[in-house]
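As C-alpha cells, here come the structures.
Consider the two complexes below, in which subunit A is the common component and subunit B and subunit C are the respective partners.
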Partner chain A sequence: MTTRNEPGKTYLMQGNEAIVRGALEGGVHFASSYPGSPSSQVLGIMGRIADQMGFYAEWSTNETTALQACMGASFANARSICVVKQNGLLVQSDTIHCGALGGVKGGLVLVTSDDPDAHSSTNEFDSRHMAVSANVPMLEPSSIQETKDMIPYAFELSEKLQQMVILRVTTRICHGRGGVKLGEIPEKKPFKKIGKWDKMLGLNWLHSYLLEKLEWAREEFEDCEFNHFDGKEGAETLIIAGGTGRNYALEALDDLGIEDEVGVLSLGTLWPLPEKLILKHLKKAKRVLIVEEVDPFLEEHISALAGKEKLNIDICGRNDILPKVGELNPDVLIKALREFLGIKEEKPCCSGTCPAAEAVTIPDRELTFCAGCPHRATFFALKQALIKEKNPGVVFGDIGCYVFAAQRAGQFAVQFMSCMGSGISAAGGLGQLTKYGFDQKVVSVCGDSTFFHTVVPGLIAAKMNNANILHIVLDNSATAMTGFQPHPGTGTTCMGQPTDKLSIKAICESLGCRVEIADPFNLQETIDLIFEMNREDGLKILILEQPCATLASKTRAKKKVWVEQELCKGDDCGCSRMCSRVWGCPANIWDFEKGCAAIDEVVCVGCGVCAKVCPQGAIKVEGGDE
Partner chain B sequence: MLSFREVERKVVNNDLCTNCGSCQSLCPFWKSSEGRTYAGFDCDRKEGRCKYFCPRMPADLDALRQKFFGADSESGFIPELGPVKGVYLTRAADDSIRKGAQHGGTMTALVKLALEEGFIDAAVLSKAEGTLNPEGVLVTNPADVAKCSGSSFQIPPTNAKLNEALIADEYKKIGLVGTACKTLAAYKMKAKPFAENDNNADNIGMVFGLFCGWGLDWQGMAKLGEAKHVDILPSKFHRMDMDDKQVDLDEVLPLVRENCKYCYDMTAEFADLSVGGARSAEGWDVDKGWNQLIVRSEKGAELVKLAKEKGVLEFRDFGGKGEAGAIEKLVAASKSKRAKAVKAIVEKTGSKDDLTYLTPNKDSFKAYL
Partner chain C sequence: MLTNVVICGIGGQGNILASGLMGSALVEKGFKVAVGETYGASQRGGSVMSHLRISDEREPGVLIPLGKADIIVAFEPIEALRMLRTYGNPNTKVIYDIRPTYPLGVLTGEDEYPPIEAIQAEIEANSAVSIALPATAMAVEAGNSKAANIIMMGALAGLEEMPIEPEEFFGVLSQNFKGKVLDLNKEVFMTGYDAIRKGGVK
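== the complex of A and B ==
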C-alpha cells in the first residue's frame, strides 16, 4: 500500500509506513539509515521496495556514515532521506553542524525518532535541541497523515533553502496507526552534473549565510499549513502544542467539556519558531499551557519571546505543572488542566464499586534475555571468570540486548555503559591505569553490529596505546535488538543483495593482537579461556559466536530438554534453585506442586545449556541440532 | 542475613578465610581459585552448611572439644595444646617415606598404616606438584599416600574433597589430614549442625592434624618459585629452605596469608593425633628429620600403639627433661602463636570484646587480651 499510486485514496498506515510513503511522494532517490527503535522499520520497508520504486536504500555502518552518504547523493541533486533515532542524531552531531554550514543541493530530509519515556532506548533525549544548535529547520507532525505530508514538503523546503530539514517524530507516531490519504508519486527529478564551481563546504565563512537561511525558513513557517489553531479564538487560556501534544490537548479539553473555551495553537514547525504567529495568539491570552514531548523546549523559547515583547502572562508547561520527565498522555493532560484552570475533580462514575476502578497491581518484572539467548551463557561465564580473580574484574558494556547484563539476567556483570562504542573506549582508558597500580581486570563487551558501528576505532586506540584489556565481541550474527537488520558481517544489503561478509576475526587479527573464538554455550571452556586470556597483558579479543536464539530457533531442530524430576533434589539440594533462580532462563521454571525444577516446553528453544548448570545432572537433553 | 553472605562478610571479606574448602562441594556457589575462596553466585539460603562448617565462623570451641574428647579433666587437656594423651618423638621406619617427607615422615607412615589396617577406608590428603598447584585428593590405596608427602606451604581447599567424598557416601571411614583450620572444620561437621542433613558426617573416620605456623599466599609462593622440598628452620636460622636455595625469612613473611595471622592453633588441637616438626630439649641438630607426635584420642592412641608394635614408626627418647620438657617447648610456641593471633584480631576489630571467631570462647583467651 505504501507503493500504490492512487492519489486521494485513504489507507490505514503505521507512522513508519507513512514516512516511507512520504519519501515516495517526495520523489526520493536515496535512503540511508542505521537501525534504531522506534523508527527501525522505515529502512527495512524501503529496502524491500527500492528496486520496484527505482531508488536506492542502504543500511549504513553507523548514523554518521548514513547521513554523509545522503549528503553525497544530494550533491548530484538527488533527494535523500536519512532515518535515525535520537541517539543516532547525537552520533551525527558533527556532521549536522558542519553539513549545515555547507548546505545541500538535492533535498535532504533527516528523520529523527524520539522516544519519550525511553520505551526502547537508554534515554529520552529531545532532538529539538539539535535543530537550535545547528541552525537547521525542524518539523514535527501531530498525526500519521501529517507525517506523510510533511516529507514532500520538507524536500521542497530543503531545496528552496539549500539546507537539510529535520523531521522529528516520536514513538507514538512511529508505532501508531492512522488513516493516510495518499498523494501522487511523482516522476523523480533528474540528477545534475556537478560543475567546477559547485561546492558543499562546511566552513565558517558561511555562518552568516546559515543564519540567513534560518530567517527565510521562519518567514516560510509564519504561514505554514502544518500550524493549526483549534478552539476559541482570543481565549484567555491558550494551549500551545508541539507535535503529538496537539492530540493530547484536544482530547483532554473534550473530556473536560471546555473545548470551546480554550484556544489551541499547534505548531508543526518547531524551529525556527514562527514568532509573528505565536505572538498574535500570545498577546490575546492571559495564561498559556505548553504541551510538548520531553523537554520544555517550546516553553522556554516562547517564554523568552514573551519576555522580549514584555507580555505579562503566565506560561506553564513541563517546567512546572506537567511532569518533567516521561511521556505525556491525555490523563496527564486532564490532571494538569484541572490544576491549571482550577477545575474540581468530578466524582467517579461508580463510587469505586466497579472492578475497573480498583487498582490492579502488577508485579514488577525485570527485562531479561530470551530463552536460549547466548548472552545468558556469556555473562554467566564472564562473571565466573572475573570473580575468580583476587580483585574481581570489571565489565564495560555497550548498547544492545546485552545491556540487560547490568541486571539479574546477566548476573549484574556489566557495570558501565553509556552509548554505542562506549564499552571498548572506556575500558581502554581504565585499562591504562593497570600500569599505575589499578589492580582489577578490565573487560569490555560489544555486539557484532556495534563492533562495526563504533567499536573499531576504540579497539585501534586500545591497541595503539597498549591498554591491558580483554574485549569480547558477542557475535550473535544479528542486529538483534532492533529486528535483525543486515550489518557488514551478515552478507546481505538493505535491498536484499548478497555482499561480502566482513570477518570480525580478520579485522581483529589485522590489529596484531591475540584473537580467540569460542562458543559461549561451552560454559566451562569459556570461563577458562576468559580467565586465561586475562592473565596476558595488552589487548586481547575474544569472539563468542552463537547465533541469536530468535534466529536460531527458526532453523535449528529443537532439542528436547526436560527435568528428570526424581534426580532433582528440589529445595533439599544445596543449589537453591540454581536453574530457575540463578541461571534464570524463562524456560527454567519451578514446579511448586512437586517441589522441584521443570522446563516450560513452550518457552524452551532447546539450547540445553541449563543442563550444564544443574549440580545433580537432573536436566536432560536429547536430539536436535548443535 | 543470608548464610553465604554472613560467611562472605565475616570471613572472606574480613581476611579470615583460610581456603580450607569446608564450604565447598556442597553447592554450586562456593568455589576456590588460586588459594582464594569466593562465592560465584548468590545463594538465597538463610541457614546453610557453609556457615556452620566454616572454621572461622564463631562457635563454642570449648563445648565442641568436650563433646568429642570428653571432660577436660579426663582428656589430659592442656590449655595451649588441647587434649593430650601422650607426646612422642617419632619418624617413619621406612627411609623411602622419610625421603619425601618434610620432617620424619610420621604422618605418611601413620596414614598408610591406618589404611592398611582398616582404621580408615580412604584418606583425603593434600597433594602438590613440588610446591605448585596444591589440591585435595582422595586416596584409597596405601601405596599412594606417600605421593602426598611433604608440604607445599600453601592451603589448598582439601575439605572440598572431604565434602565431596562424604556426600558420595562410598567410603564410610574417611581419614582427613589437614592443618588446624581443616581439622576444626571436620569436627564442626561431625557435630552435625543440621538435623535434616548430617552431610554423612559419620563417614569421617579419623582426623590427622598437622602442626602449622602459617601458609603462603598462592601468588606469594609463585613469586618464590618452584621447589620439591620446602622447610622452615627453627627461628634462630631465620630462613626457609627451598631445595638447595636458602630464602631469608624477611622475604617470605610478607607473602604469608593474611588469615594465618588470626589463627590461634599451632598444633591442630581438634584431631585424633597431631604431627609436626620435632622440638625437643636436644635442639635442632638432633631433632632434624624427626617428628613430634601428639596423641589426642583413644583411636589415635590405638593407631600409634599398632605403629610401634609393627615397627612402622621409630621412637626416640626426649633426653633432658623428657616428655615434660618437650611439652614445655610446645606450650611456649603455642602461647606465642595464640598471643600474636589475639593481638592481631583485637587490632582488626578494635575491641577486646570482639574476637571474631573466638568470641564465644573469650574467657579461654583472657590471658592474651
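== the complex of A and C ==
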C-alpha cells in the first residue's frame, strides 16, 4: 500500500505508514532508526520495501548513531530520514545541537514520536523544547493525511535552509488510521561529489548563521499551507491548536454547537512561530484557549508574544483550565470549553442509567509478561537467589519488557529504573559502596538490544573501577518490546540481509571478567548460579539465554501442558497457589468451581516451565520441542 | 452520518488487525474513516481498544467522546462492560465474546472476577441490544482460535448500522491473506455474520 504508484487514490493508512509514504514521496535515499514506540513500525516497513524502491534503510545501534549516519548521507546531497521516539530525541541531544550549527546538504528530516499519557513509554516528554534549544525548525501534523504531506515539504525546507527539520508526531498520529490520498513518487535527486571546500562543521562561529536560518524559516512559515483557520474570522474567542489539538477542538465546538462563534487557528509550524500570523488573529480576540500536547509550550511562547505587543487578552491552556499532564481528548476539551465560556451542562454525558447499587466491580487488567516469557523464570530465580542473602540484594532494571519486573509480573524484583543503559551504571555506582560498608548484593539487568544500545560503556566503567556487581543480560534474541526489530546480535539487517552476529559473550569476555551462560528455564541451576556468582568480588556477567516466547512459539512445536486435577490439592496444599498466584503466568489459571489449578489452552504456549514450580507434580508436560 | 464503533479486548486477540481490515473495507467503499488505537505494551496482557469512526461527511477525529459509541464489539465480557460504562449510552448495541480471560489480579486472588450472569445482566440493562457470541469457541471449532477476531467482524457487519456487505470485506481480506487462511477467514466471517442476521438481530 505504501509503495503503490496510484496518485489520487485514497487508502486507509496508519500514521506510521503515512510517514513511510511521505518519505517515498519526498524522494528519500537513506533511512536510519533505533526502535521506539509509537513509531517503531516505520523503519520495519521501510526495510521491507527499500530494495524495491531503491533506497537504503538501517537499524542503528542507538538513536545518536542513527542520526549521525543520516548526517553522513546528507553530506553527499542524499535525502535522509531518522525516526525516533521522544527518549531517542533526548539521546540525540548533543548531535542535534552540534549538527544544527554545521547544517545539512541533502534534506534531513528527523521524525520524533511523542507519547502523551505514556501509553508505551515511561514518560510523556514534550519534544518541542528541543527545537527551541537547538534552533531548528519543527513541524507537527494534525492528521494522518498531513503527516504524509508534511514530509516532502520538510525535505524541501531542509534543503532550502540547509538545516535539519524536526517533524513531531504523537501516538494518536502513529497509532491512528485515516484516509490518505496518495501523491506522486518522484525520481530521486542525484548525489553530489563532495568538493574540497564543502564542509559540515559544527562550530560556534556559525551561531549567528544558525539564528539567521531560523528567521528564514519563520518568514516561510508566515504563509504555510499547514497552518489553518476554521470557524469565525475575528471572533472574540480564539482557540490556537497545535497538531492533533485541532481535531479535538473542532469536535468539541461541534458538540457544543458553537462552531460558528469561535475561531480556530491551527499551527502546523511549531518552531519558529509565525508571529505575524498569530498576532493578526490575537489582536482581534479577547480570550484565547491554547490546545496542545503536553506542556504549555505554545501557551508560554504566545503569552510572551502578546506581552511584548502589550495586548490585553486572557490566554489559557495547560497552565490553568486544561490538565497539566496527560493526553487530551474531545471530552477534556468539551469540559474546558464549558468552563472557559461559561456554558452550562444540559445533561450528563454518561448514559446515567447504570443501576449503581447492582453494578459489578470490574477488576483492573494489569500488564504482565506473556505466557511462556523467559523473564518470568528469570525474575523468579533472581528473587529466590536474593532472598537467601543475609540482607536481600538490590536489582537495577533497564528499558525493555522487563520493566514489568518492578510489578507483580516479576515478583517486584526491580527497584530502580530510569533510562536506556542506566541500570548497569547506577548499579556500578552503588557497587562501589560495598567497599565502604554497604552490605547488600547489587545486581543489574538489561536486555540484548539495550546491551548494544548503551550498556557497554557502563560495563566498561564497572570493570575499570572494579565495581562489586552482578550484571545479568536477559538475552531473548529480540528487541521484543517494540516488535522484534533486528539488532547487532540477531544476524540480520533491516533490509533482510544476513550479517555477522555480534556475540554478547565474546564482548563481555573481552572485558576480562567472569562470564557465565545459563538457561532461565532451568530454574534451580539459575538460582544456584546467581547465588554463587554473588559470592565473588568484582564485576561478574551472567547471560541468560532463552528466546522470546512470542517469537519461539512461531517455530517451536508446542508441548502439551495440563493439570492432573486429582493430584492438585488446591488451597489445602500449602503452596499458596504457586502456579497461578506466585508464578503468575496468564495460562496458569484457577478453576474456581473445582478449587484447583488449570491451564488455559488458548493462552498457553507450551513452555512447560510451570511444571517445575508445582510441589505436587500435578502439572504434566508431554511432547514438543525444548 | 457518523457511526462510532468501539472494538476492544486484550493484547494478542487481534482486534487491532480486525478493526484495520474493517476500516480499509469502508474506505474502499468511499467512506471517511478514522481508527484510533490504544494499545501501549498490549501484547503483555493489557486492555486493547480501537475506535472506528465512519462518516459520509467530514474526516472524523480518532477518538470517540464519552457516551457516544453506537456499537461496542468486545472480545471479552468484562472489557465489554468496562467500555459500555465509559463509551456506551442506552442506544448502544453490544456484541461480546462470552469467554473470560482472567486478569493477573484475579489469578493472584487479590481481585474477583464477577459472576458471568451479573456481567450479562448489567450489559443488558444498559444497552439497546446485547449479544453474547461464543466467538473463541466458534473459532476453535473452525480450526483456529485466532480467527475469533474475524468472526467478531462478521458479527459487526451483520448489524444494520454497518454499511458493508460480506463481499466488500472479502475484497480487503484477499489483499491481506492467501490460500487456506483466506478461505478460513471468509468462512468464519460468515458464521459471525449469520449469527447476527439469522439470529434475528439487526
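As a working rule, the second predicted complex is superposed on the first by the 612 of 626 C-alpha atoms of A that agree within 3 Å, B and C clash if a C-alpha of one lies under 4 Å from a C-alpha of the other, contacts with A are read in each partner's own complex, and residues count from 1 in each chain.
Convention: a residue touches a chain if its C-beta (ideal position, glycine included) is under 8 Å from a C-beta of that chain, and two chains touch if they have at least 3 such contacts.
Model, not experiment: these values are computed from the prediction.
Is A:411 in contact with subunit B, with subunit C, with both, or with neither (first, second, both, neither)?
So A:411 only meets subunit B here.
For A:615, is the partner it touches subunit B (first), subunit C (second), both, or none of the two (neither)?
The answer is first: A:615 touches subunit B but not subunit C.
According to the stated criteria, A:481 is in contact with first (subunit B), second (subunit C), both, or neither; which is it?
second
Should A:369 be classified as contacting the first partner (subunit B), the second (subunit C), both, or neither?
A:369: touches subunit C, not subunit B.
More subunit A residues touched by subunit B or by subunit C?
Partner with more touched residues of subunit A: C.
So, does A:387 touch the first partner subunit B, the second partner subunit C, both, or neither?
first
Touching A:581, do we find subunit B (first), subunit C (second), both, or neither?
After superposing on A, A:581 lies in contact with both subunit B and subunit C.
Quick check on the superposed pair: does A:178 touch subunit B, subunit C, both, or neither? Answer first, second, both or neither.
After superposing on A, A:178 lies in contact with subunit C but is clear of subunit B.
Find the residues of subunit A that appear in the contact set with subunit B and again in the contact set with subunit C.
577, 581
Sort out for me which residues of subunit A touch subunit C in the complex.
10-12, 14, 37, 119-120, 143, 145, 172, 175-179, 244, 247-248, 250-251, 255, 329-331, 334, 349-351, 353-355, 358-370, 401, 404, 408-409, 481, 550, 577, 580-581, 584, 586, 588-590, 592, 600, 602-603
For subunit B, which residues are in contact with subunit A within the complex?
Residues 26-29, 31, 33-34, 36, 38-45, 48-49, 197, 219 of subunit B touch subunit A in their complex.
Flag every residue of subunit A that touches subunit B in the complex, lowest number first.
383-384, 387-390, 411, 572, 574-578, 581-582, 613, 615
Would you tell me which residues of subunit C are touching subunit A in their complex?
Interface residues on the subunit C side: 10, 12, 20, 23-24, 26-27, 32-41, 43-47, 59, 61-67, 78-79, 81-82, 85, 88-90, 92, 101-109, 111-115, 118-119, 121-122, 125-126, 136, 140, 145.
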